[in-house]
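I'd like to ask you about the structure that follows.
Note that the chains take the letters A, B, C and D in the order they are written out, and that residue 1 is the start of every chain.
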C-alpha cells in the first residue's frame, strides 16, 4: 500500500484539530480591553495545545519521509493516534475554561500520555513492517526518547496532585524537548553514509 | 477523468466529518472529575462513530487503489456516500446526548444502513465503469460481504425495539467485522498472479 | 503558475463548506422520534445546499482538468467564488431554521445568483488566460448555459414574492440541470478529435 | 526535507481558518429582511478577514513556488505564522459583534501586525536556508515592502485611538496594496533571464 493518501488524510485531520480549538474561544460580549483578560487562560491552553499538535505533525511528517510503504496495522495505528489527538481540543477547552484546575490539568496530561503511547505504537508498527534493519528500525532503536517522554508525562500527572501548575510546567518542558524535529532519522542517514565510506 | 482530486476531496470531507464530532462534546462547567461522567455516553458514541468513519476511509482508500479512472456516475455516487457520512455527526451527538435512547439508536442504525447501501452503490458504479472482468469486478463479485452487512444493520435496528443496547452491540460487532481492511482486493491480485504462473 | 495548489486549496475550502453546514443541525433535547420533525426543514435546506456545493465542486474539478496554467486574475476570481460559496452555510441555516420564509429563500437565491456570476467570471478569467481558441475557449463559447442559469435565478428570486416555495422549486430545477457534469468540455475534445480525422 | 507536505498542511489550516469564520455569523431568529442588518458589521469584518487570509494564502503559495527545500527553522516559522493566522477568526468575530469598537479594532490590527512580522520571519528563514544569492534572496532583498507594511499597521493601530474607523480604513488600504500577488519573484526571474541574454 502506498503512503500518499494516509499522509494526506492525517494532514487533513491534524489541520482540523489544530484549527478547531480556536472556536472554543468565547468572544467577549463587550468591547472593553479588560474583557480580554477572561480569555488569557484559554489562550495559554490553546498555545500549548497548538504547539503539541504542531510537534506531532512535524514528527509525523518527518517519520513518514523515511517510510516506503504501509500495511493494515500502520493504517489502524495511525487512526488510533488521530483519535487521541482529536481529544486534545476537548481537554484544552476544559483546562482553559476552568483556569487550570487540578482535574482538567490531570486529564490534559493523560490525553498527552495516551498520545505519546499511540505514537510509540505507530513507530513500532512501522518498524515491524520495514524490518529492524531498516532506516526507521535503526533510527528509533529501543526508542529511548519515546519511553522517557512517557515517563515524564506520568511524573507530570503525579505533580498535579501537589499543584496543577507544576504539571503544566512539566508538560511545557516536554513540548520544548520535542520542539526540534527528531534528529534520529537524519543521524541514521548520516551514519549509513559514513559506514559506506 | 482522473481519480486524484476525487480522492483528495473525499479525504478532506471525511477528515472534517471525523473531527467535527468532537465539537459536540459539551465541556463541563466545573473542574471536578465527577463532571466527566456526564460525557461518557458522548465519548462512547464518538468512539464508535470515529471507528466507523475510519473504516469507511480505510476501505475507500483501499478500493480506489484498484481504480484506474472515474466517470460522472462514480463522482455522484461518491458524493451521495459523503452526504450520508456527513449525517453521522448528527446522529452521534443525538445518541450520545440522550444516553442511547431507543429512537436515537434506531436512527443511528438507519444512517449506518444507508451508508452501507451508498457504499455498495459506489462499488457497483465503479464495477460498471471498469467492467466485470476488471480487478474490482472480480474482487467484489456478488459483494456478499456488503449484502450481509446491510442485512445485519436491519437486524440491529429491529433489535433496538427490544433494547437499544442490543442494537448498539450489533453495530459494534459489524464495525469489528469491517475493522480489518477488505482483503478481497489483495486476494484477487494474488489469484491473478497464481493463474499466470 | 501551476494549478496544483489552487485546486488543493479550493478542494479544502469546498470540503469544509459542504461539511460545516451539518453543525447547524440543532440536536433535539429529547429522544422521541417526533422531535426529529423539527429538523426536517433544516434537512431539506441542507440537502439542496449539499447538492449545490457538490455541483460546484464537480464542475470546478472538471473545468480545471482542461486548465494548463493560471495567473493572478484566476487566483482572485477563484477566491471570490470561494467567498460566495462560503455564504451558502449561512443562508442555508437561515432558510432551514425559519421554515422557508420569504426573505430567507430570497437571500438564498441571491447567494446562488452571485455564485453563478462568480463562476462565470472565473470561466472568463480562465478563457482570457488560455485564449479564445483554447479548449476552454471553444468549450464555453458565449457560455449560454451560464447566462441562462443567471436568468433562471432572477426568475426564481422574483417568484418568491408570490410564494417562497415556487422559488425553492426553481432552485431545485436549476440544480437538476447542472447535476450532470458539464459535457461541453468533453464535446470540445471530441470535436477536435473529429476535425483532425 | 521536501516542501510538499508543508504546503499541503498549510493549505489545510488556511482553508479551515478562512471558512470557520462563517460559523460566527449568528443566524437571525426571524425571517424578516430587517434582521439581516444586524449581521452587516459581522459581514464587513468577515469580508476583510477573508481577503487578508486569501492574501496570505496567495503569497504563501507564490513564495513556495520559488522554494526548493525546507529545514526545521522553516517548519517552525511556518507554524508560528499559522498560529497567528488562526487568531484572525477570534478578532474578526470580536470586531464584528461589537460593531467596530475601539479595542476590538486595535486588537484586530495587532493580530495583523504580528502576522506580518511572522511572515517576514518565515521569509528570512527561507532566505537563510536558500542563501542570499538565491532567487528568493534576490527577490526579497531587504524586504522593503514587508517593513513598510509593518510600519503601516503600527500607524493604523495608533489611528484607532482617534477613531477605530480610521484604523479600519488603513487596514483595508494595506489589504489593497497586497491584493496583487507579489511581483518581486517574477521580476527576479525576469531579471535573471535578461542578464543571461
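One rule holds in what follows: a residue touches a chain if its C-beta (ideal position, glycine included) is under 8 Å from a C-beta of that chain, and two chains touch if they have at least 3 such contacts.
Fair warning: this is a prediction, and the values are worked out from it, not measured in the lab.
A.B. asks: Same or different for chain C and chain D, where same means more than half of the interface numbers show up on both copies?
C.D. replies: different
A.B. asks: Centre to centre, using CA atoms, which chain is the farthest one from chain A?
C.D. replies: C
A.B. asks: Nearest whole angstrom, what separates the Cα centre of chain C from the Cα centre of chain D?
C.D. replies: The mean C-alpha positions of chain C and chain D differ by 27 Å.
A.B. asks: Nearest whole angstrom, what separates the Cα centre of chain B from the Cα centre of chain D?
C.D. replies: Measuring from centre to centre gives 38 Å for this pair.
A.B. asks: Quick check on chain D: which residues sit in contact with 2+ other chains?
C.D. replies: 8, 12, 15-16, 20, 23
A.B. asks: Tell me, which parts of chain A touch chain D in their complex?
C.D. replies: Against chain D, chain A makes touches at 7-8, 11-12, 14-16, 18-20, 22-23, 25, 27-33, 36, 47, 50, 54, 57-58, 61-62, 65, 179-181.
A.B. asks: Using the touch definition from the top, list the residues of chain A that touch chain B in their complex.
C.D. replies: Against chain B, chain A makes touches at 1-2, 5-6, 8-9, 12-13, 15-17, 20, 23-24, 72, 75-76, 79, 82-83, 86-87, 89-90, 93-94, 97-99, 101-104, 106-107.
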